[in-house]
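These notes open a run of structures that come right after.
Shared between the two complexes below is chain A, which has chain B as its partner in the first and chain C in the second.
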Partner chain A sequence: MFGWTVKELFSAPQQLFASVSAVAGAFALVLFFDGVFAGESEQIVALIDRTDADVWVMQDGVGNMHMTTSFLADWKIDAVAGVEGVKKVTPILYLNAVIEAGGRNWFSFVVGLEPGDSRAGPWAMAAGAPLPGRGEAIVPDVFASDAGLAIGDPVRIAGRDFAVAGFSADTFSMANSITFVTLDDLADTISSVGTVSYLLVDAEPGVDAAALAARIMDEVEKVNALTREEFSARDYSIAVQMGLDIIWMMTLIGGALAVLLTGFIVYSHVTERERELAVMKALGVRDRAIYASLMVQALVIGLLAFALAVAVVSLAVPTTHALVPKISLAVTADSLWRTGVTAVLVSLVAAVVPVRRVLSVDPVSAFHQ
Partner chain B sequence: MPEPILQAENVVKVFGQGRAAVRAVDGVSIEVQPSEMVTITGPSGSGKTTLVSILGALLRPDDGRVVIDGTDISTLREGALSMLRARSIGFVFQSFNLLESLTVRENVLFPAHLAPGGMNAARGRADELLETLGLSHRASALPRTLSGGEKQRVAIARALINRPRLIIADEPTGNLDSKSGQNVLMVLHDVARDEGRAVLIVTHDRRVEDVADRILWLEDGHLRDRKQDEHEWVRDPVCNMALDGWTSEIFVDRDGIRYHFCSQRCRERFEASPETYVEASRSRRPARDGADR
Partner chain C sequence: MLRLALKNGLFRPGRTFLTILAVAAILAEILMLEGFLSGTYTQLRQAVIHRGGDLIVGQSGISSFIAARSVLPQRTRAEVEAIPGVAAAHPLTALSLIYEAQGRLSPIIVMVYDDAGGPSSIIAGRAPEGEGEIAIDRSLAERYGLGPGDVMRLAAYDFTVSGVTEGAAALFTPFAFITYDGLIDFFFASDVGADIAAFPLLSFLLVDVAPGADPAQVAAAIDAGVPTADALLPARLAANDENLGREMFGPILNLLLGLSYGIGALAIGLFSFASVRSRRKTLGVLRALGFTTRHLMTGVIAEALGMALLAIPLGIVMAGGLATLIETLSPVYLVQTNDPVGLWRTAIVTVFLAVLGALAPLGTLRRLDPAMAFRG
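Moving on to the complex of A and B:
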């Protein structure tokens, strides 16, 4: 029976390819939108991940960067630097703001940097100066391209004008971007002189980051200290949670579409092969063996469609990013796992669609001409 | 007397209810012994397919009892019926009904998965059957590349793979040319004679009567025994259609002569003006072998 199932499925390769492609389209949509969301979420934690500090120190009670404000008195910079195992402390001031340029507005993390210190600065440059000077800003290259900005053009950040000194790379997504200015300029702009937002702590070689974070919290009052991994995971989790409903809705819609398509394909297989099914029943094949056969067919279609969708999305991700740089795409293992499980569930549900039709196949009809 | 392989007693099957009820099979009893080849024939709509479906354990009778290879099928559940069909009955259909995506050898082996017994043994048997039926050279061919005769021989091999004691063939020569049909009949005849199986053939093909051990006539749900070569060729005096007076059930006796009719309509027309048709029938040619009575 299994041999018949597989042979039957592959006996019309063009029809099989069309069926698999249709279902793959649904899975590819799920993977693609999932990839967009994952890409955007990864961009939200880009500053944390790319600067790669061992420990992040922030205001007590604060545990995130995204959609959060943190203020630390600047004397705590020295206090943290004095903790055993700390090699270097880099303060940043940080603000969620809208930047305006070339008639365009864009939401951005604005990061205030110590003059001349590139530790928390742009990790990749497309053009211009690698660090901002007073009255200058380094904006994402994608935003500059979108807004038609050139070096020296003005940008407005939190109501104050800055001159563009450089274009940073890998700092832009549709939901978020990162703009760099000097710490003093940002402090003036938001009237927060004498405070910083976060401290990036580099540990001495061989010092465990988690232990160092714990020691900082013990020795410096009213601060929270997290390892980079934990800090990044928290922000990523918040970003994902914000879009979780959307992800599930997309998965459900894509899954429902795939169920309908696979169900229709398997149902069509049954109606086209009713006579053969009648003959099989007459020869002694039981209904449950026919269901199992349909389930195998649906599973093969679902898994082939999933594989095709992965292949298509693997090609689409770099192509899309090259054509539309503002879209950040990332196909994660979690997304692949979820869509793969969806493919299996879709196949199992779809195989139920023609059950009534199979039951109604009368073996006596094998005698009819 | 050996135990019959197929035994049916007072089998009744009714379709519909009330005034619309049709007794497709009405009190049929039949026994088929090992090595016996029995033919059921009869006009279209006489209930042949219904009867053969019941005798093949595909349809449950409303009344009566059917015993196949010692098993009373009336008490069996669907799963057990399927198993019985796979193990004890081989089917040969008019339209061959091969599985188009499988090769000849795979088609022959298909029922082997459904019955107990090793597949290795079945493979050997499949090769033997293909050899016997002259199909070895087509073992890897797909059904669409076969002639009608070849397809039917594959179907016979498939029917025999599980060594069933009962073979049921529905119009096995219906879609074949004369030579292929003759060949298929001889194969079925040999299956009964040489292998001791019971072969039940439902057919309109009169050639089958030449090789069958018994011929049964089914009409309006009733079964009657009929001996070979027992024909009484007559002509309907109204429409001149050739009829077998032995099996004809519509007739009128007049002046010591029995007149047979193809239908009630012809009989009514005859009764309205018998002299006209009696006179006309005397001047017509005989129906067959000069036997116009």
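Moving on to the complex of A and C:
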């Protein structure tokens, strides 16, 4: 029976290839959709992870960087700096804004930096100055390329004109781009003089970050302090949860599509080989064995399709990054597991499709002309 | 050939049904993607339009309602109301906050309003009336099991849910509504109070123009008379946010749609190929009777087209059902699968894919040996 299964599966290699490709397409679509949210989720924490401060301090009642607002009176910078175990405090001002340049509009988070302090600044540069001066901005290289910007060109951020001083790398994504200006410029723009949004705290060597965060909350009035890991995990969680439901639904739709395609293929195999099945039944092969064979066929198609989808998406991630840098894609282990399990379930369900057809095959028909 | 195509379709009704179902599923999936994006754009537009007002005044240079923070000085209201043609200016403040409960974090946009700009559709309870009351979007209410009368702890302050609204969400983020009385209580009773001086208290002004005044002219007068503010027609502001959404999501939509169409072409090619393979003997007889490859190909294309034409309405119905399911289970999403332009475009592409896919078995048809018709 196993030999027949393999023979039947590979009897029409072109058809098998088309089948596997079509089902792989359905899985790839799920992985792509998931990859977009994963890519954005990774980018959402880029600033937190890449600046790698030990502790982040923010307004009490706030525990995230994105989709929220934090304001701290600037006297709290000195208050936090005075806490035992704190080596350095770097304030930033932070807001979401629309950047306009070269006829293009783009959503961006804008970080206001202390003049000359690179601690919270861009971590990789594509060109130009590494830090903004007064009236200057460092914009993501992808946006600059899209808008045809050169160093010195004007950009409009939150309604105010800035000159581009540099292009940062690794700071662009669909919904989480980062632009850097000076803290004073940003404060002027939002009429928020005397306040900052977050404090990046570097601990003295040997000081435990969690203990330091607790100490800062004890000693400084109405602030929240989180270790870098906690802060990053919370923002990542926000991004993931925003896309969670729709990703599950796309997985279901892609899975249903794969069930139909695989079911069609297995059903076609059965209808094309009714005479062979009749002969097998006449020779005493049980329905159960035939079902097992169909299930193996469906499983092989499903797993080959999954492997092809993974290969395609693995190639597509760097290719997309090179050709369409606006799109951030990332393939996570969780996404692979979920799609892999879906592939197995799809195969098992698809194998049920031709059951009636198998049952209806009459062994006597093997002896008809 | 058409009759032959019809007979072939009816000969294996199970397989024909599966084929139609699979093509319909691909079509539904494409419509869902388009509908998801279309719904996202609609939500961005509605977030502005549902606030009301003939004009919306924001910080000078801010041309987005939902994606950028607008901060207006407190005196702006009086300045705008002094402009000829302005009947009233209603304050509106937008606050981005995170609601944390049941181990989950949900970003929400809290709209603080006075006598305009509040919830446009209340499906349970009532609008907030003051102290500690909040109305929340259905998506948030269902996600956390909240209803009128329930306590909702937000930024360490206990609000009481006064009502549940519908269609108040954008960019996967639900809205909540409180009044300015509620905002003051919130500021002083919660932990935000210590830094209240730094908090933006006025984001936008919703302007009613005087009867007979031209909103565009009043907007120009506000721009000229109040340098710290810009006045925009709501439709223009809504279009700005929609365009921003298109800039953000357009590239990924094109990538996913391209992939979906590729799957569609492959699947229809597979169906045509399988159909021809299973009927090689019949087609061999036709070849022996003098039918050319072109005749046989016409039959295969007619069959694929017939299936596509049956799959299109089924796909539209499936997409509509799935959209309803998604909106019911997760109301923060709006999936609009009934956009006539999108429907026509997808239907035309499906017909094109059917023809393209039907060409897949061309090689097999060319190689058909008429002699096989006479083999046992």
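Quick notes
Convention: the second predicted complex is superposed on the first by the 360 of 369 C-alpha atoms of A that agree within 3 Å, B and C clash if a C-alpha of one lies under 4 Å from a C-alpha of the other, contacts with A are read in each partner's own complex, and residues count from 1 in each chain.
Definition applied: a contact is a pair of C-beta atoms (placed from the backbone, for glycine too) under 8 Å apart; a residue touches a chain by one contact, two chains touch by 3 or more.
Keep in mind the model is a prediction, meaning the values are calculated, not measured.
Steric overlap between chain B and chain C is absent once the structures are superposed on chain A; the two fit side by side. When the two complexes are overlaid on their common chain A, residue A:3 makes contact with chain B while staying clear of chain C. Contact with chain C, but none with chain B, is seen for A:263 once the two complexes are overlaid on the shared chain. In the superposed model, C is the one of chain B and chain C that contacts more residues of chain A. Contact with chain B, but none with chain C, is seen for A:279 once the two complexes are overlaid on the shared chain. Within the superposed three-chain model, A:150 lies out of touch with both chain B and chain C [touch as defined at top]. Touch criterion met: A:364 reaches chain B, while chain C stays clear of it.
When both complexes are overlaid on chain A, the residue A:62 reaches chain C alone and has no touch with chain B.
Of the two partner chains, neither chain B nor chain C is touched by A:311. With chain A fitted onto itself, chain B and chain C come no nearer than 10 Å, counting C-alpha atoms only. Common to the chain B and chain C interfaces on chain A is no residue. Taken together, the chain A residues at the contact with chain B in this complex read 1, 3-4, 7-8, 11, 275-276, 279-287, 363-364, 366-369.
If you check the complex, the residues on chain C that touch chain A are 12, 14-15, 18-19, 21-22, 25-26, 28-29, 32, 36, 59-64, 67-69, 71, 73, 95-98, 100, 104-107, 155-157, 172-173, 190-192, 194-195, 197-200, 230, 240, 243-244, 247-249, 251-252, 255-256, 259-260, 262-263, 266-267, 269-271, 273-274, 277-278, 322, 325-326, 329-330, 332-333, 360. Against chain A, in their complex, chain B makes its touches with residues 49, 52-53, 56, 58-59, 78-79, 82-87, 91, 93-95, 97, 99-102, 106, 110-111, 113-115, 158, 170, 174. Those residues of chain A lying in contact with chain C across their complex are 12, 14-15, 18-19, 21-22, 25-26, 28-29, 32-33, 36, 59-64, 66-69, 71-73, 95-98, 100, 104-107, 156, 158-160, 174-175, 190-192, 194-195, 221-222, 234, 237-238, 241-243, 245-246, 249-250, 253-254, 256-257, 260-261, 263-265, 267-268, 271-272, 320, 324, 326-327, 353, 356-357.
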